[in-house]
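As structure tokens, here come the structures.
Shared between the two complexes below is subunit A, which pairs with subunit B and subunit C, respectively.
Let's turn to the complex of A and B:
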């Protein structure tokens, strides 16, 4: 029963991660790039680049989320995969920057342009992720040291 | 408003105090992430196949691991192993006990262990 429950939990969270890391950003960028009737210009290469990296790292994050959330509470494997997931999340966030999604310039015909730069926000996110990495490393150490006690409590 | 200004000053001073520690760590993380993403971009930036395969492997392996080690009871492979070992130990212990009991010669009259002697040391009965 435990295995089924874990897997259902894993699938639910994977669904949430796929939605937030792949589907919503893809829909957002597709909508933005396909706007018609507005005097906005985009470079096609940017679109392909952004969507490629969103899907690529989104898939990795979602796969790791399945492993993490389908693992038992306070297990070492949960802690390890949570740590790996945070690191891959860093890559995912950073992919927005290097694919050009963090600095988008809108060229409005006969008017000028305006640019949207969220690089600083991404840097703040990176800081938060670093603190999360420290917490995850602590979890790995804690769950490893108290392994027997946690297992006994879980088996009761 | 005064309260907000005080709060902002407190937060600002904390950030300034932590800046010498946090900035190098942040720079390190940024370098690390940049290097890793650059690696992905250079080597695995042409096809999504690699990412799909990794995602599938993660999901399938997680399912297998959960079937074997669900967490609320000993894992099926692990418990089978332990069961077999315990069963084997019981067999060995059982056979050892039986052998020892069988080997001991006892007095026909009082049941006292007599060993190889012909006369029981407890009751004096002859063991023929």
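Let's turn to the complex of A and C:
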């Protein structure tokens, strides 16, 4: 029963991650690209770049979420997948910066242009994720050292 | 619960607190940016009161003194202070070159005569900052000025036209958002 429950949990969290890392960002950027009367300085190639990296890293993060959440509680497998997932999450956030999505520039005809840069915000999130990496490494070590104790508790 | 798990829980709570705080600040910052930018009155570049003083020697037509001032104001209607407010101005001089393109053929030219960035500090939330940008004689790129005797066609009216590009840039939400607004090709003065 536990295995089925874990699988269901894995699928549910994969869905949540797909929603937050792929669907919502894609809808957001599609809406921004379709604002009328406020043309973006981005070109089609920029849009393709942004979409590609969001989908690529978003699916990777979501796939790892399945393995993480379907693994038994306090298992080494879970800790390893959680560590890999948080590292890929950092790359996912960084992809917003190198794909150009962190700086949005609107061209206002006969006036000039307006730009919004959120690179600093992404760096702050990456800093927080770095702390999470430390926590995940701690988990891997903890679950490995206390392997027997965890197994005994699970059997009880 | 094992002691290691209690320690982990404490670190987890700390990281969650950081994450929630960063998310709240970025959401409120985004909302504030929309509130500030959606009302054009919040950004006032007063080009009507811009002053461009050009002192030309009547006999040699040499430029003796030049300065430029531009009043502007920004109202911070958001939730956080606006930080590191900067105004960058590029001033271009438009004139007709007497012999441009060959004798007797006049050609309109634009040269950059001023490029200056001035920092105006912060604007606390809920307040309006009134500032004046000032470019003195030393700020101007005198080497770029055309020779008044041999280059400028003084028969054209006006002989000199001054156009400006303005860029207002600022940081918001503890530096998490950087905003810049550029206004291009605004006529600020003419001479004579």
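In this section, the second predicted complex is superposed on the first by the 150 of 156 C-alpha atoms of A that agree within 3 Å, B and C clash if a C-alpha of one lies under 4 Å from a C-alpha of the other, contacts with A are read in each partner's own complex, and residues count from 1 in each chain.
Heads up, the rule we're going with is that contacts are C-beta pairs under 8 Å (C-beta built on N, C-alpha and C of every residue); 3 or more make two chains touch, one makes a residue touch a chain.
Keep in mind it's a predicted model, so treat the numbers as computed, not measured.
Partners subunit B and subunit C, brought together by superposition on subunit A, fit side by side with no clash. Within the superposed three-chain model, A:113 lies in touch with subunit C and out of touch with subunit B [touch as defined at top].
Figure note: vertex subunit A, arms to subunit B and subunit C, all at CA centres after fitting on chain A; angle 150 degrees, rounded to a multiple of 10. A simple residue count on subunit A separates subunit B from subunit C, and the partner touching more is B.
In the superposition on chain A, A:66 contacts subunit B only, with no contact to subunit C. When the two structures are aligned on the shared chain, A:28 is found in touch with neither subunit B nor subunit C.
Looking at the shared chain after the overlay, A:142 reaches subunit C, while subunit B stays out of its contact range. When the two structures are aligned on the shared chain, A:56 is found in touch with subunit B, with no touch to subunit C.
By the document's definition of touching, of the two partners only subunit C reaches A:128; subunit B does not. Aligning both complexes on chain A leaves subunit B and subunit C separated at their closest CA atoms by 12 Å. Once the two complexes are overlaid on chain A, none of the subunit A residues touched by subunit B in the first is touched by subunit C in the second. Only residues 2, 4, 8, 11-12, 14-15, 18-19, 22, 26, 29, 33, 37, 165-166, 171, 173, 175-184 of subunit C touch subunit A when the two sit together in their complex. Residue ranges on subunit A touching subunit B, taken from their complex, read 1-3, 6-7, 10, 14, 52, 55-57, 59-60, 62-64, 66-67, 70-73, 75, 77, 90-91, 94-95, 98, 123, 126-127, 129-130, 154-155. For subunit A in complex with subunit C, the touching residues are 111-121, 124-125, 128, 131-132, 135, 138-139, 142, 146, 149. Interface residues of subunit B, counted against subunit A in their complex, comprise 22, 25-26, 29-30, 33-34, 36-38, 40-41, 44-45, 48, 51-52, 54-59, 61-63, 65-67, 69-74.
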